[in-house]
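The following pair of complexes shares a single chain, subunit A, combined with subunit B in the former and subunit C in the latter.
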Partner chain A sequence: MKKLLIQMTIGAFLCASAAVATADSQGLFLDKCGSCHKRGGQAAVVNPADKAGRVWEKYFARGRHPVDMGINEGDLGAVIQYLADHAADSDQPASAVIPK
Partner chain B sequence: MKKILFAPALVLTFLGTALAAPEMVTLPASDYKAILEQLKTLQTRVETLEHQSPTTKATSAAMPNKLAKDVELIYDTLDEVETKTLKDRINLGAELRTRVDNFKVKNHLYFSTGSTGTQESNDNSWTNRFRLNLDADIQKNLKFTGRLTAYKNFADSDSPNADVLGDSNNAHLPDGSNIKLDRAYVDWIPSNMPIPLAITFGRHPSSEGPPFEIKENRKRQSTYPALLFDGEADGVVATIGLERYTGWKDSGIRFAWGKSYQDDDDVNSYLDAPSGLDDSNVFAAFFETQIPGINDSLLVLSALRANDLVADFTSLGITPAANIGDIDLYGIHAQANKVMGSNFALFLSLGLDKTHPNGTTMSYGPYTMGLLNSDGTSSHSGWAVYTGLAYTIPSPRLNNPKIGFEYNHGSDYWFSFTSGSTELYNKLATRGDVYDIYYIQPFNDNLYARFGYTYADYDYALSGYHIGDFGDSEEKLRNAYFLMDCRF
Partner chain C sequence: MRMLQKKMSLKQRISLPPFLVLIFLLVVALFSYRNMVLMGDIVSSLIDKSEQTLSSQTKLANLISETQISVSRYFSQDGQKNFDSANLALDVIKTTLKQGKNQAAIDAIEELERLTSAAKARFASLDKEKEAFLDAQTTLFSLSASSDDANKIMDLMAKVGNDMTDPAAENQKNLEKEFELLTSSMAKGDLKYAVEDYWDIWAGYTAVYLKLQEDTTQGLSNALQSLYAFQEQAITESKIEAQQIGKQTLQTISQANSLVVTASIIAIALGIILTLLLGHNLMQIMTSITSGIRQSFEQVSEASMSITSASQTLSDGSSTQAASLEEIASSLEEMTSMSQRSADNAQDANQLMKTTHSSVENGSRSMTLLSESISMITRANEQTFAIIKTIEEIAFQTNLLALNAAVEAARAGEAGAGFAVVAEEVRNLAQRSSTAASETNQLIQDAATKVKGGNELASQTNESYQEIAVNSGKIGSMISEISVASAEQAAGVGTIRTAITTIDDAAQNNAASSEELAAAAKTMTAESDQLAAYVEQLTELMGGDMRLISPTKSNKKNLLHQIGFNFHKD
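Right, the complex of A and B next:
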């Protein structure tokens, strides 16, 4: 029973950590991308499920974002990872993180 | 660009230094801060440009505006197409077969009544069979394959809706949630294993196995030779590749486990039925290889043990169902699809069964029935041979039609797991002789017709049953058929 409780605690901790990581990534996405890509913003609304994960990676690898995002390399990597994790072909596609 | 950006900085620095020594220049603090801020901005801009990819630089610098826009448009289109492609996780295929049979049967023994019919026939028995084939390359080493099937007589659904209104509204009225799951399995090749290993789990490709692909005019459809196993099966299979050890192409050994019967409680389906039966477990091993020295060939050695076979005729009022014993099956199958490089395909399949009854019998009408016996204890052996050849006529004008002949013989007490046979009368279960001739006329890569004639002369009654010993038979079956088959 004690073992089970420990396992459940560890499991809950891992789940919570994952949730925090996701929330952080989402926050970063909203902060860095959502400032322009929003309804009535400077650019069209964009969401992770607009493209497949591999397509997002290629998009940034090709430097296709039309304007300087003013984002450092580490944050950009985290945003791309978030986009891939919630892309159209992922297990958890996110299509309305930024409302359309 | 870098040089240009650095120039103002250098000028400013030089000015500052030059003027500082002999002559002092006094600047308002706000101007000085503004200059420093400008320097910092320029430095950041230079660093950003340095980190951009060469592709970007080339695109933006080298391309005229119109061309750059076109490239962006093409990229956007590619994004849409690639996203859609990546979302299509399952590939779909379909096949449709319409078949008409003419049956004539003489002296058939009816199990439910114990009487022998004189002559029965069906001038035109029409069926439709639709299959939806699915597959997905989930990962490099993970593949899914599935098949959903609807197979029906013309104008005959036997559904509650059919009682009043016939068959014509069967798919247009609410009538349950069932679809027929023919096969659904995953092939997994674990990485970094010391030996080449593949694990297959799910509902297996265990029907229409070799050599049926010759007659069915398609690729091999099953792991198991049809003479021993032709039906649907749930289980787990481990395949070990042996080619690197034996040097024989496509050689490997398979260990299979599955259930041919799982007892459950009809009320709580996750529980055994109270005082229920033992499950029937099937264990099998197969060695297969391309026959050394013969291209496009196959050799399969099979051994199978099925424990606790069940006789369940509760639908006929025979209660209770019972475990009646175990059975062993052994087989050898050899096949060459292009004998000596010719257009001939040839195969030979041998099967052997041996029963281990447990003493249980059940009674029905005039019969007392155990495992292939009428006393519950007698152990029997049976055997079967299945052979045939086919010739593809090299005539491009006629789309290379094929003609084939098959023969099979089963002894008294021959039994194997072929209840899922494509031939509705379970041809390979026959305890007697069967002669089968057919002609395949392809019209294109997706459509062909086949017509054929089969004659079965039964020596022993109720072939295909694993219970009872029903004695000699004078039954004859004649079947002429025509089918159209479309796959895409």
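Right, the complex of A and C next:
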């Protein structure tokens, strides 16, 4: 019983952490990427569901982004993880985080 | 129970058992009716539920089928119209399922919604990747025309192109390796980047496509399976529910039948027990009442006889009383006249007494005068006695002188013979005077004695007169008082006469009332006979012996004789 309670507490904590992390990652994505990739912005509108998760990973691994994003590695990692988590082949593809 | 029996009337005791049984049977009937209505409702509910279940199941099956068709169509054929149709079908079925609060089915629908929404994004991604793939292919063609790796690139493109139309998981790793080999050997530049882009587009497309395929084959299938499982479960539950309702209905019918039978038996048993209990108690009470009525009747019969006798006696007494009162009234009349006469006589006597009193006073005064006269006579007698004494002395002296003269005459001889005769004569005369004086003295003494006696008698008479005067005064006052008393007596007799007249009237009324009472007593006797008949009926009803109760004529006569009533009285 005690073990179950501990597991439930940890599970609830992790879920809450994941939700917070998702909210933070989405904010980071909107902040870092959405500043240019937006309707009428400097670049075309981009959403995580535009590509598959592995494609996003390889894209940034190869350093194929044409301009300097002005983002540190930690934030970039978080943004990439967010993109992969909500990519077209993910369970929860996000296709309209940035309105088209 | 005893308290309840004490409080219950005879009517209640007689009517309670059948009334209770009737109420009990009525309750049972109502309960049966209620059960019948309930069973009717249950059967109706069962039919309605069956129809509703059938309708619901049909509707749900249709909805699931439509949802499956719409969603499957969307998954196999992308398009906004199909997406909208699938979403509409999902909304409809979700709304329907939410009404039944079927969480598992709702979860399945929400999973389908998630899959549909994800599929939309995936379809969009695939469309985009398709366009990008064509662009990348064009770029790659143009760049690889001058490349040494052109054949490898073309060969890889052919494999990729075939894979794009029908991606297979087992080919992915080989193609990945080929892309890895190709790009690793290539120098950095547009061609390498173009190959990498092409690789990425292919990889992305196939990944999304496979994911979409996975959703279709697994997620969609699982969700639909869940829905069908839910539908099957719902059908099973409906069947179970219908079976339960049927079982419950049969159980209710059985219970109702058992209850009706049990309640009827209880009602009959209760009725019998109550009838026996109350009947037994009623018999005891009725026996007691009958005995009491019998005793009371005997007493009433005796009392009625007594009343008859008493009323007769009263009637006779009243007549006698009336006659006596009439006699008293006539006596009072006479008494009144006598009283009046006595009063008048008393008045006359009073007057006479006054006259007598004055006469007695006159007599007294006369007696006083008589006494005075007698005193005067006594004094006159004393004076006469003194005179006679003197005459005696004179006669003695005369005798002495005559004697002397005789002596002298004797001495004188002849010359004195004449003288001696005279002296003799004088002596005779003196003797005669002395004798007369003695006789007179004797007479006077006798007269004095008699006067003295008369004086004493006069004194006594005077005293008697004085006493008579005093007594006549007293008698006068007494006669006055008698006169006043006679007047008052006359007035009292008048009052008594008036009262007697009133009493006479009352006695007349009493006589009339006593006659009425006698008539009522006769009626009462007749009623007691009727009561005897009723008691006889009641006793016969109770199964008792009536011989002790019914007062026969001889019994009545005995009773009347016992209470002193005379049948031969006129």
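Note that the second predicted complex is superposed on the first by the 86 of 100 C-alpha atoms of A that agree within 3 Å, B and C clash if a C-alpha of one lies under 4 Å from a C-alpha of the other, contacts with A are read in each partner's own complex, and residues count from 1 in each chain.
Throughout what follows, a contact is a pair of C-beta atoms (placed from the backbone, for glycine too) under 8 Å apart; a residue touches a chain by one contact, two chains touch by 3 or more.
Since we're looking at a predicted model, the values are computed, not measured.
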#### Entry: Partner contacting more residues of subunit A (subunit B vs subunit C)
C
### Which of subunit B and subunit C A:D68 touches, first, second, both or neither
first
### Task
For A:A94, decide between first (touching subunit B), second (touching subunit C), both and neither.
second
### Query
Taking the contacts subunit A makes with subunit B in one complex and with subunit C in the other, which residues are shared?
50-55, 59, 62, 64, 88-89
### Query
Across the complex, what residues on subunit A touch subunit C?
49-55, 58-59, 62, 64, 88-95
### Complex contacts: residues of subunit A adjacent to subunit B
50-55, 59, 61-64, 68, 73, 88-89
#### Entry: List of subunit C residues in touch with subunit A within their complex
114, 118, 120-122, 124-126, 128-129, 193, 196, 200-201, 203-205, 207-208, 210-211
### Task
Could you pull out which subunit B residues touch subunit A in their complex?
48, 51-53, 55-56, 59, 72, 75, 79, 82-83, 86-87, 89
